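Each structure below is given as structure tokens.
In the two complexes below, chain A is the common chain; its partner is chain B in one and chain C in the other.
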Partner chain A sequence: MSYDLPFITIQILTGLTNAMFIFLIASGLSVIFGVQGIINFAHGSFYMLGAYMTHQCVSLFIHSPHRFWAAVVLAPVVVALFGGLIERFLLRRLYGREELTQLLFTYALVLILGDVIRIFWGIEQFSVSRPPVLKGAVEIFGQFFPKYNIFILIMGPCVAFLFWFFMLRTRWGRMIRAAAQDRETLNALGVNVNRLFTVVFILGTWLAALGGALVAPATSIKPGMDIDVIITAFVVVVIGGLGSFWGTFLGSIIVGIVYSLGILVFPRLSIVFIYVIMILVLIIRPWGLLGRPLTLER
Partner chain B sequence: MTKIEKWTVLAILIIIALIPVYGSRFFVFLFTDILIFGLFALSLNLLLGYTGLVSFGHAAYFGIGAYTCALLIKKAGIDFMLSLLAAGLFGAVGALLIGFFCVRLTKIYFAMLTLAFSQIIWAIAFKWNALTGGDNGIMGIDFPPYLDSKVKFFYFVLVVFTTSLIILRTIVNSPFGRVLVAIRENPARTEFIGINVKRFQLLAFIISGFFASVSGGLFCMFNHSVFPSFCNWSMSAEVLIMALLGGIYNFFGPVIGAGLLLYLRMESTSFTAYWPLILGTILCLLLFFFPGGIAGFVQDRFQKWRAAK
Partner chain C sequence: MKRLLLSLAVCMMIVAPVLSAHGAEKPITVGFPMYLSGGGAVFGKPSSQGAMMYVKEVNDAGGVLGRKIELIVRDCSGSPEEATRVAKELINKNNIDFLVGGLTGSQGFALSEVAKQEKILYIAPISKPAEICEPPKLHKYVFRAAANTKTEGRSAAVLMSKLPITRIATISPDYSYGQGVTAAFVERIKKLKPEVEIVHQAWPKLGETDYTPFITVLMASKPEAVFCSLWGGHFITFTKQAKDYGLFEKFKFVSAGEGGCIESIKGAGDDMPLGIISNAYDTFYYPDTDWHKDWVARCKAYTGEEYPSSWMGTGYDAMKFLVEAIKKAGSTDTDKVIQALEGLIIDSTAGKLTMRAKDHQATRGQYWGTVAKVAEYPFPILQPVEYIPADDLMD
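After this line comes the complex of A and B, so read on.
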């Protein structure tokens, strides 16, 4: 293996592509934590469900050339609505209880959804073919880089920007940020906080499922992908700062790059690096790189 | 401890001790498992129920204990009992190093830091092939000559379990244990009356780590092998569920939880491959309908019955 510049460039681009996938998932996790104070373990399950749904939609529209795009639009919406139902009818009943109770409920969802997916789709692996426009690769410094990855590299920041715009420049975004600060005052001001929470949960779930839909052509869809991703997303959110939007973006890039470059230097230890970063951040700045320390007891 | 409680516990221990006489080999196997995990869950509950610290990485110490025991036996040829003791001490040292950082954080951040550290332990077990055997683990750990049957090993586990139970019970009833409860109820006020909260939390962390490692060492011998999954986060979650299922505000709750969960798992594997689905459903029912766990539920009913009388 040679460590010349083109090779490293490709490796960094691959790391950035992974970072974008991680970002989509972690941003949903972060917004749900920021507003509702819930660490949603089931987030990885919604991601996995998004990937399976994409596979399902693609095989449903098998004769259409645009089947992948249809699936990317449809699958996350279906999963998000499903997430909304869970929030509305189950999770809502646990608000006001200890954090541990809510956390364990989402863990119960991980167990249940993982098995439900096994029951519906079995344990075989699926793959979704890339849309015709994005097949093949482009040459960068004499190395080949998949077109689909370039699409993801563009998609990631676009979603980040849209999300940021939604949070900072729209009425709903303003209410969501207000709910993160002080939900009681917001309630007193006449905003239906319960409904807001459902919207936030749907939004977060949609982001996870979108991540699942977009990752579908780049990986194999199989049981266990929920567990793999949730821990990574979790690490990202902790590094960037729980509830901090740009922190999540930064955390994703750090984790993506460290992982892909770490593999070159210490193939076995690259996963350890990520946990070490997480521990260092937690010890030095428990609220994350771009997060704010929690001063008020809620 | 009330008199009724004391006699009930003694009676249950005697019933368990007589299992090899009247029970089948299946029950000897099941109860060895239950006692080991019961000890693991008890050790967790010293943090969870008594000190109010949610450790999400308790499998780390279970794993440290199991691997220490396995490595000392396989690579250094040291006797099992000595290895078990060493496993406990190693776990305590590990808990000291990790706990030193963790007790500086509170609540959710504490939970996450414990999780991160346990993931490091898991990554070492999973990736350091030369020492830990990586994904394949370490296999072929045989019973020592003086514990050459499953029944003998069962009695050994029972003795270790009972001794640990008595020690832990003494600890939680001592002034030290009372301070832990005070910390759980209100850390700020406990600090105000001149108690070094962090130091007490760290001590609880170390004691908890010691017993978790001992249970890990026992489990290594019970399984005749160790695997990275012993220190994975799903193991941490499982022991947490055991403690909650039994009830964390009762000393014996975690043991009841371990017993019920392991029994259900053994029964369910004979007719379904979907144990996680069952476990998830149990967990949901528990969270929605029995927030105090089984022991909490029974205690509640008992008190109501008494009040009515």
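After this line comes the complex of A and C, so read on.
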């Protein structure tokens, strides 16, 4: 089989699409850790909740041709608000405690949310279709490339840019960045840091659920999907740097491209490449490619 | 007076259990660890329901050897470690007499190992890897009521050999089941049609969430037909991603791994590809015989489902093999039941099945057909469909 340029191009584009899927899922994890220092094991669960809520919204508006778009807007918001409630009434009580306690809490959330989803939706598998305008494929260099993939290729950087703009140019963004650096001082300046953390958690959960909503038409919505993504999300965040948003973006691209090109070179070993990269990063630059070398006392 | 009443009460408490036990016989306990939570639960649950339904039918008819059957169903999710742990607990705490269960191939291996160590009879209702019943893994305590990777792969090869194609690509999950069924397919298709060329083999990991890099490489190898053994949610994810590449329109597609079961068809929704060839353990709409219609009716009544799952037969038949063997042996002694089970023929939910003495495998075939939309049902079914028996396809 010859690997000509058009084919390699498509393979790279496929890898980039995968990278954007991963980025959309992993970005929320990075945000929450970057600001609050909490490793949210339940991140995959909020992603799963986003996917299930998307299915629910799509079923609700089954007669509307715009049901997918309505779901993409509605589902992440609902899940984010739910995340906010969890943060405000449960997680907040654990601030200032040992980090292990917070970790255990998010792990408990994984188990609880998994069962909650099973209670509401059962063990069936659900399917969300792509919206009519994004069905089918376009031809690039004689090869087919799904329209939905192009949509994701655009959405990924859009979300990244939106987030960057929010963090850099808005007042809330400035406060959040300040809280990430030094929450005591910020508190002393009169800012309600607790409320800020709720906002950050809502933001992170919203990103996770948005990932779930956008991935839904390209995957099967089923129990266990939270576990499927959480490992890859962690690998990406570790490679890019825990707490670095652009690090997550870079990490996603590395993982996506390495995987899709790795299949051409070592078909059955390509999965190993990503873990090898992660190990190399941990050995050579343990704070990640774009992470900060010094961890501040929290 | 108080003292008298107290001592009377104590006496009653001691005597009562003895009195009640004297009347009833101790039930025959069967442990049933099954994948009931997580990705495979959608198949594990109906399997356990089939087993429970059979036990209820037997108990309602008076039990076996004058004793009731007590089926202890426990969730062991998808890991072989969990299956081992649950099975050991059932053996040590609940003192089960027999073991039936496990869903994935690795769980089948694990439970077989437990059975060998604890010297307890184990019947696998679903686990397919052929190696479980081949030397060196085969031992006297393990039996399989399910179809195996060799019959499944070879059935697919038989069907594929009838198509006018010579270039075949395969895509299968990279673990015991996927490797086994694909190897069996490749071996048999080359035997049946020597001019066939396997142009590409894709091996996504089990639980892969993004098949698109595999899809593009597979399509670039320019096959004429594709053999796939992705199953359940993995198959659904794959079809959703492959659809936009036009994979199903371009190439003939044969899918092992129960792509034709209701759960997969419904789960794929509008993205279920039509015109592909796939299989299922049971089809509620075929055959139109009396015994099959009765079986479907009983499933409907027991579960309340309008379209009963094809997986109920797996638990049902495994339990039937066990109970019929106990009846034939006239005892629950493990060695006697093993002897009775070897060579036993039962009327299963798929017709007559023999539990072969030489390798403890049931001659279980599967239903194969083409996915098509029909007027009678709101989802596609396999039509035309046929049952491919296993007898000629087993070693």
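One rule holds in what follows: the second predicted complex is superposed on the first by the 294 of 298 C-alpha atoms of A that agree within 3 Å, B and C clash if a C-alpha of one lies under 4 Å from a C-alpha of the other, contacts with A are read in each partner's own complex, and residues count from 1 in each chain.
As a working rule, contacts are C-beta pairs under 8 Å (C-beta built on N, C-alpha and C of every residue); 3 or more make two chains touch, one makes a residue touch a chain.
Computed from a predicted structure; not experimentally measured.
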item: Chain B versus chain C as contact partner of A:V238, first or second or both or neither; value: first
item: Which superposed partner A:P217 touches (first chain B, second chain C, both, neither); value: second
item: Touching partner for A:V229 - first (chain B), second (chain C), both, neither; value: second
item: Dominant toucher of chain A (residue count), chain B or chain C; value: C
item: Partner chain(s) touched by A:I119 [first = chain B, second = chain C, both, neither]; value: first
item: Chain B versus chain C as contact partner of A:V276, first or second or both or neither; value: first
item: Which superposed partner A:K147 touches (first chain B, second chain C, both, neither); value: second
item: Footprint overlap on chain A, comparing chain B with chain C; value: 114, 118, 227, 268, 271
item: Residues on chain A engaged by chain C in the complex (per definition of touch); value: 1, 3, 7, 10-11, 14-15, 17-18, 21, 114, 118, 123-130, 135-137, 143-144, 146-149, 217-220, 222-225, 227-229, 232, 259-260, 263-264, 267-268, 271
item: Of all residues in chain C, those that touch chain A in their complex; value: 36-39, 41-42, 45, 78, 174, 199-203, 205, 207, 209-210, 212-214, 216-217, 219-221, 232-234, 236-237, 240-241, 244-246, 263-264, 266-271
item: For the chain B and chain A complex, residues of the former touching the latter; value: 54, 101, 104-105, 107-109, 112-113, 115-117, 119-120, 123-124, 127-129, 233-234, 237, 240-241, 244, 274, 276-277, 279-281, 283-284, 287-288, 291
item: For the chain A and chain B complex, residues of the former touching the latter; value: 39, 90, 93-94, 97, 99-101, 104-105, 107-112, 114-116, 118-119, 227, 231, 234-235, 238, 242, 268-269, 271-272, 275-276, 278-279, 282-283, 286
